[in-house]
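Next up, some structures in structure tokens.
You will see chain A twice below: alongside chain B first, and alongside chain C after that.
This part shows the complex of A and B:
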């Protein structure tokens, strides 16, 4: 007997893919393939190595961008949360970054940083970092004063308070920010590959579209969504392992 | 709560009907442009104005790229589109047909002075528009006809951007369109570059296409449109300046900056001289050239001589207009 959570996941996947299959058969558009056709294309591309090559290319800006955003984002976020001055200094930058219509600003990025990896990493960072910073800062700022005071009365140093009280207390919201930020980073990576120069998965999407190979196009889109979901699940495991007893349950459970 | 739900249900069920009705009533031709209106579309808009004078009711939407325009026609949101959807016609089994060849694939290999003929580019990197796009196809055909292989292909969409890359020294060889080639070679920087000699290409770059069912249901409107296009193309070949003169100052082209409008005469004179447009709207000659070209370029599968042009072109309106 499967547990309830897993069976619900399987059920919703079956409903979604079933609806996709039916929509492809109607068809809603000549440009919309069925689920099975798309999966066939996905298998073919995984078999002949196209997908592997594409991800080798796409994961470069994605991994670098997400790593920078996560490390720097949490560090800046903690800092901003702890100090009013840095809040005043940095928060506006990230709020503007979050609100900026990035797709429209891409020509500006190309102007400044060219069409190479730098621009793509920047797109990922601009998408991912603001949520991470702002969530972390908010969580750190809202650590209950009472437990900080308790720490101080047990003669904890400032570093102890940050590492043993503030960060664990803030961890659920920091991780919520990480999840949102990383999903935005995935969007950013594909956006960069569609808007700057077509490479990797973005290239499969544009190329398949230009030769009307729609199953391959949707297979590429499906694969990146799948990767994002798997990665977010992994992140959840990491959180559970690192901050046991602190997580408060998520919709994806 | 229940009342709100009920209201929502009523709206949701009524909405498609309301939209459907309003669409059915509107007898407007919806045209999907593959780019925002620019000097290259001036002749097309002159034709639209002539068609409007003959009773054609139209509205246009500019899409960000050709593939989106094709998809909008495929899904039925747009009636007539801009582009060369050969791959979509063959692969998706959609009943799309081309009506009129709007422009030919006139592109020019431009390189630094290091190279003086196409053969010199064997093994050399080249900058192209996009994988699977028109310039990529040209590069494929150059390779197969001259028996050479280009080195790394990198892709930068837009001829103007590729010229910028060339000027910035980030590329030594690229393929660009007529107007950018002329601009570059007539500028002071032109002395640093070569335009390599290339074989003539008769295949279409942009063509007008629509859904066959829709075309057959709207023969009258389609005929007005094709008549207008053919008349403009013929007049343009006699006198390229009619485009500037007939451009509606309040239309999308007339609203372009004065500097662009001032160059319209030059643009169309160059284009007619270089054979960018076909005075007869392409027709069978263009269809045959396209099948051969797009097969060689990898967009069409199968032996081009076995392909039937009737599966890709709907020639009736053009034939009628020619008479």
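This part shows the complex of A and C:
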């Protein structure tokens, strides 16, 4: 099983990169380098420390933003899911946040919070948090009554019911929200570096494009996607380790 | 309209007084908005015996059971367990759910120990208790399986073991065998008779099946459709001691099944 899914992953990577290599050779555009050229640029930038410096910058708003979005997002989501009042209070904010065109909000953020870390963290949060909150709230609200009732009949306190029943029951959907939110957070982090001030990975992209060093530009884009994929895989492992039995549907199905 | 009170069937009225009463419900009424689920229902459950609640679908059996469990508040009337008024769920009662209500993310042993976990019993202690009940319900070897890996019958055994593990005096069972196949159900019924005999517990058992009710019960309470009240109490007496294999052939068993069907059939039309 494990081996098969691993080899499938390798196979799909080989096909993707192969297609990239061929497309680079045709070439589809003079601005589209081959896979090998891009990997070369990636190796070079990793060797000379450019990448390291860039990620030291980019990871700051990304890590802070994602941590805030995950912790606060799940907490607010649980609250919103449990209480009609908090639903009324918070849900509209996150629905608007999710629907709002972020590019249009960035000038406002800069006006209010300047061009520093705060604005970038906020961009990551605006991208990541709504889906985490809304997914968590929906899942909490849909916890099967029968297991909550079971908890009460076996003398669970309200806190027991939240921690030992509602959150584990909601966890598959919470994790789905986290995956979506974190991917969006990665987009937000790069967007912030392209639209607010060019730093980190966003700087590599902007600068190498301006000097027509396309392999470096694609290497930077590739590296951020790779990081996102690795992180999401890690998240999947965490989920599998925490809630084993949730893997295959519900007992009462 | 026949205004039935606890009717004269068999020998009950005289015998009732002879038993110590574990649970009594007095003048219970329950309305859900406009729906009158229970109306002025009074019933007593003798200590150490199994009482079935039998009645057509929607007549309020689950509602009554949940009121006894303290999960629902009656609109009026009261429930006493061992002389104490019920105000909510308590350690003296354990519930077996029709849909099992297992935690899908928890292993069998954690599910069985869940009631003890909520009571703050230390892990090693509660797992030891859980293990012995898992063995007793015939699931030894499945301690670390997850609910989705078990059959319906096995899941209900987990639900039963969870209820037994908290060692409550009263077991409330809501159609526990309705989701399992006929063979498993018969085996469960036999096991249940054994449990009632050696567990000194009071069982309140909801079922749709007339045969099942007569087979497992010391006392069968027949409920009328909404608004529900007790129409008859029947105490099968003669075949209880004859061994599980002979019950289904016993003339009294067959007579009682027939009699209940006669009194219920007019509500089915």
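Keep in mind that, in the parts below, the second predicted complex is superposed on the first by the 245 of 253 C-alpha atoms of A that agree within 3 Å, B and C clash if a C-alpha of one lies under 4 Å from a C-alpha of the other, contacts with A are read in each partner's own complex, and residues count from 1 in each chain.
Throughout what follows, contacts are C-beta pairs under 8 Å (C-beta built on N, C-alpha and C of every residue); 3 or more make two chains touch, one makes a residue touch a chain.
Here the structure is a predicted model, which means the values were calculated and not measured.
Visitor: Who does A:160 touch here: chain B (first), chain C (second), both, or neither?
Guide: A:160 sits against chain C, while chain B stays out of touch.
Visitor: Determine, under the contact definition given at the top, whether A:31 touches first (chain B), second (chain C), both, or neither.
Guide: first
Visitor: For A:88, decide between first (touching chain B), second (touching chain C), both and neither.
Guide: A:88 sits against neither chain B nor chain C.
Visitor: Output check: A:198 vs chain B and chain C. Expected answer is one of first, second, both, neither. What do you get?
Guide: After superposing on A, A:198 lies in contact with chain B but is clear of chain C.
Visitor: Of the partners chain B and chain C, which touch A:244 in the superposed model: first, second, both, neither?
Guide: second
Visitor: Does chain C touch more residues of chain A than chain B does, or is it the other way round?
Guide: C
Visitor: Could you tell me if A:149 is touching chain B, chain C, both of them or neither one (first, second, both, neither)?
Guide: second
Visitor: After overlaying the two complexes on chain A, where does the chain B footprint on chain A coincide with the chain C footprint?
Guide: The answer is that chain A has no such residue.
Visitor: For chain A, which residues are in contact with chain C within the complex?
Guide: Per the touch definition, chain A meets chain C at residues 146-147, 149-156, 160, 164-165, 168-169, 171, 243-246, 248-253.
Visitor: Within their complex, state which residues of chain C touch chain A.
Guide: 66, 69-71, 89-91, 93-95, 97, 99-107, 114-115, 117-119, 146-148, 150, 155, 162, 166
Visitor: Across the complex, what residues on chain B touch chain A?
Guide: 66-67, 70-71, 74-76, 85, 87-94, 130-133, 154-156, 170, 298-299
Visitor: Quick one: which bits of chain A touch chain B in the complex? Just the residue numbers, please.
Guide: Where chain A meets chain B, its residues are 28-32, 114-115, 197-198, 203, 206-207, 209-214.
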